[in-house]
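In the two assemblies presented below, chain A is common to both, partnered first by chain B and then by chain C.
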Partner chain A sequence: MFSFDLLGNAVVAGILLGGFYAAVSLGISVTFGLLDVANIAHPVFIVAGAYAVYAVNTAFALDPILAGLLFTPLFYGLGVVIYRIYYVSFERAGEQSLRGLVFFFGLLFIAEVSLSLAYGVDYRMVEAPYIGRSVSIGPIGISLRLGVPCVVGLLLTLALYLFLSKTFYGKAIMGVSQDSLALRLMGANPIQIKTIAFGLGMATASLAGALLIIIVPIEPSMGREYIGRVFAITVLGGMGSIGGTLAAALILGVAESLTSTFSGPSWALAVSFGILLLALAVRPSGLFGR
Partner chain B sequence: MKRAWPVLVALSILGVGLLLTGVMENRYVYFATYVILQYIVLATAWNILGGYTGYVNFGTPAFFAMGAYTATFLMLACKAPFLVLLLAGGLISGLLGLGLGYLTLRLKGVFFSIATLALTVVLQTLIINWEFVGGAKGISIIRPATILFFSSYSKFLFMVMLCLATGAVAIARWIERSWIGQGLAAIRDNEEAAECMGVPTLKLKILATTLSGGLMGMAGVPFPWHVTLIEPGSAFNLDYAVNSLAMPMIGGTTTWLGPLVGAVLLGAAQQVATVTISSELNLLIVGVVLVAFVILAPEGLVGLVRRLVKREHA
Partner chain C sequence: MEIWRDEVNKNGGLLGRPVEFVYYDDQTKPASIPGIYTKLLDIDKVDFVVSGYGTNLIAPVMPIVIERNLVLMGLFGLGNNEKFNYPYYFQIAPNGPEPGREFSRAFFDLAATQNPKLRTVALVGADAEFPYSALAGARENLKHAGLEVVYDRTYPPATTDYTPIVRAIKAANPDVVFVASYPPDSVGMVLAAHEVGLQPKLFGGGMVGLQFAAFQTKLGPKLNGLVNYDFWVPEPTLNFPGINEFLKKYQAQAEKQGVDPLGHYLPPWAYAMMQVLGQAIEGAKSTDQKAVGEYLRTQAFETIVGKVKFGSNGEWDKPRMLLVQYQNIKGTDINQFAGPGKRVVLLPETWKSGSLIYPYAEALK
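== the complex of A and B ==
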């Protein structure tokens, strides 16, 4: 039996999920889309961010989003260190693509196993006043557990968009992806700009991690599910376009929500990876390609 | 007689293995060696594509699990004999590899690797939703009581894997020494230049993906009987992807010897670590060793040894 209430709820939930997916994908959008660094370990760092938020939340009952913001400098620093290692070992020698990819695959594994050694494989969750509450508009119910992350995700997207298009460093990051020689001629150091950009991408991971643990309980190997999602969104969104990333995230969120409502949640994951495979095979430059 | 000695070596390895099953009874030895031999097959198969042509495949679990599930399906559906299962598993995974070969037309480098990862998850989701082969909770497999002339089923599985490992290494060695290996190396160095020089790049890539996939699938066929319970989580385990890529990287990707050395060293170290420390910690070691090698010794152990030998002679 088909019900319009069910459809409406699924679409709204999908849009809310999409706002969260945008926040999760921003880091990859910057590092992979703009810098061509295929950091496939990024989703695991999001999960690591979620664990950091979990630790602070259980110890001091701090709001998860505030905790996520608090950790951004730490993740920025982590990003700077990782990019330096990557640059010195691979990019400088011009062997970035394949060996660099293996490097990040190794990092993914190390981070994941370290998390499960430290926290075990039990599901963890956080406490916050808005978790478990919902508001309803007519027949449509909005669970704040999804609503709050969506709003924060949209704010993060907007902030990154403004940073990239209005500030000097933001414009330099956009420039380094297009022509690093020209950037050098303008008196900026491309390596320094790339380091900042990578750190920035990584910094979004702690906030995205906070949103993740608000939405679902987490466990260490969870990042794997998000590898497909974030790359699907980044490729579909046109590699490094922030607006495109948001649009693709919303599309994926709605597609997944509809699938899990009408065919069961065990199919939802296949949707994102299926869309990714299709996008890669048919239109690698994405829907909103440059 | 110069061409005969590799065949003799291969036959004597199989002979020694067979002899061993006659005298040795310790079950754990067969269990542990089986795992190491399985990694020799997976690492060698991965290297035929990844090492020789430079296309990094993260989808080892997909090919491995397709072999395992083809075998499970045929066993449940018509109780097919083991040899048929082995060939069918290799065929299905080989076909999957064929498809992947055509994908290389559109996808290069990082995009290819991400697509293989996506393929793994899509296939895993399909299997999770397929109730006939056990769905998400899996299905138990009962080992037959007797098999050929072996006194236990573990011995039989060990012998199957020994044959597969010997075969895989022989194929890799043969490819490397023939014109095919040179063509693949040309693709690795510069695909466009190779195409311009008349190297049939598409045919060679498809050959590499099909062979690589087929071998991984065959390695997966005995898996249900080895663990006696097949479920998507263990068959599609990402550990296979990391290991089959780390082993050639550590051993050295440009020769057939590299994956063999890497699989024996890393496989044995993991077996020891699983027993003495913990299985979580041994995965951590794999990750750390992989990252260390890819940064510090990109040509692997075989390359390191060769460099040292050259220095002595100079």
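== the complex of A and C ==
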């Protein structure tokens, strides 16, 4: 059943999917990759972002992506609050590894139950003019439902990359991930920097949520399905490397798409995680890890 | 179920006792079932248990009720009693004595009657209990329709992008596409089919979720042409006594409760399941499991979804699965789905309310 049309379409679909995966993984890349905070609740906050977008889209017919952008300051603030609680309760006492994990597990459940109580457990979707449409470039079809999220995902990645590499606060965040004592000697407060970084990671959740609800219908507990995938992407890309996260997301997206097209779709996830294991065996620090 | 309870209690309860519900959230997770039912039976000491929603959540209840010889009312299970043949399991969805086969029988019967003859079929579904049963039934039924399988694959339930799958199906160029999917994948498949331009002659089958108002009002005209199973639709041929009064009561409360605003798919059956259990308890004049179980096995029951009589394996003695086609949907206004004409019944003949628009592409115009 092989044809070059199918191959081209599978690769393009994989890249589109990869762009979306990158957007979903960026928050983890910052919090887990740079700050070493295993925020396993992040995917649930993405779902929370998706519900916020749903509410605004349903009430005011606002474009989902604009709605997602609108909520970023709110999610930034939420991130700041969560990190403060986490720092005071666990990190300061040096008990972050296991108890911190339990804290985020708890957050995950609380967020899920809150969403269930607020919206019920039925699936929700949004409306946008690009959902269900596609454009063709020669034999290659691009579904806009995935194309638009991919472009937004790439822009988000670029913005975060530029912020971290070009701005003072960005460089300070990179610094705190390498040596927080040295940062303190430079006169910067590592806790404040970490708070900003965590807030930033969380702020990506509302936009990622907008992309999620454009692509698939959502329900409160679906965030769990993404936990494995986003951590795999972060680790495969190399801890804390934004470029690496994008590369890993694209690799996993293309691998899933090729597997779905040419062998059984059932194997898609197994192949993705197989690639992760193989890559880590050869490069334990990930593709772009330092 | 609460509507039924309130009505029964208003009329004096069952056997002169008020009906009280004890329930816990199973979070749609089969692993939570054994703990919940053990608590219901040993600590809360309930008189009767009913199942949660769907095949995956009924499966873990079966060993518990079989061990204790309890009556179990099942809500939308597909073939849960196939291997057990437990006498006191009763399932309300009208799948009939051969649930696996019945789920796709009408779909392939319809395929077999098309002219010129249809030759090839693609089968696709999720990696889970219900789609596996439905696909196994489809593989049997398609033989009688004389179809050759050109694609037969499953996908993980957490799939994000369905376009690669739909492209692979399109490349196989089947006349018929049979899908056994859960709600999120049903939406994913419909959207991907429109994006990729998959237009077989007959498309649909066992797609769960398209019956929900939440999806109908978002997918709108993209549903046109799909031929899918259903249990009850607001067509004139299925206007059973009591159903409209029930839906009126349900719809008045639906928005406040955050549930499906139309409630055509699951709510009437949950209500009917309780009607059956209530009538059996009254009929047996007892809460004894054996007495009620035997009454359920032997008697017929009048409900808002029609007359219900169970066969030997606890399924309806005669199937009444509907095959409907989505037709003439314009825009996404919810009101159009409340009345007839949008999901017309094609089979069985007894309940038929309209004709097939064929091929699939014709209905999209």
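We adopt the following convention: the second predicted complex is superposed on the first by the 267 of 290 C-alpha atoms of A that agree within 3 Å, B and C clash if a C-alpha of one lies under 4 Å from a C-alpha of the other, contacts with A are read in each partner's own complex, and residues count from 1 in each chain.
Convention: contacts are C-beta pairs under 8 Å (C-beta built on N, C-alpha and C of every residue); 3 or more make two chains touch, one makes a residue touch a chain.
Bear in mind that the values here come from a model prediction, so they are computed numbers and not experimental data.
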item	value
Touched partner set for A:T58, first chain B, second chain C, both or neither	neither
Touching partner for A:S165 - first (chain B), second (chain C), both, neither	neither
Which superposed partner A:Q192 touches (first chain B, second chain C, both, neither)	neither
First, second, both or neither for A:L107, with chain B first and chain C second	first
First (chain B), second (chain C), both or neither touched by A:G132	second
Which superposed partner A:Q178 touches (first chain B, second chain C, both, neither)	neither
Chain B versus chain C as contact partner of A:A281, first or second or both or neither	first
Which superposed partner A:S266 touches (first chain B, second chain C, both, neither)	both
Shared chain A surface residues [contacts with chain B and with chain C]	221, 225, 264, 266, 269
Partner chain C, residues of chain A touching it in the complex	1, 3, 5-6, 9-10, 13-14, 16-17, 20, 119-127, 131-134, 141, 143-146, 215-217, 219, 221-222, 225, 256-258, 260-262, 264-266, 268-269
Touch list for chain A against partner chain B, complex	32, 38, 40, 85, 89, 95, 97-99, 101-103, 105-107, 109-110, 113-114, 116-117, 221, 224-225, 227-228, 231-232, 235, 264, 266-267, 269-270, 273-274, 276-277, 280-281, 284
Complex interface listing, chain B residues touching chain A	54, 56, 58, 103, 106-107, 109-111, 113-115, 117-119, 121-122, 125-126, 128-129, 136, 238, 241-242, 245-246, 249, 280-281, 283-284, 286-288, 290-291, 294-295, 298
Residue numbers on chain C that touch chain A, as the complex places them	27-28, 127, 153-156, 158-161, 163-165, 167-168, 171-172, 183-184, 187-188, 191-192, 194-197, 209, 212, 214-215, 218-219, 222, 257-260, 332
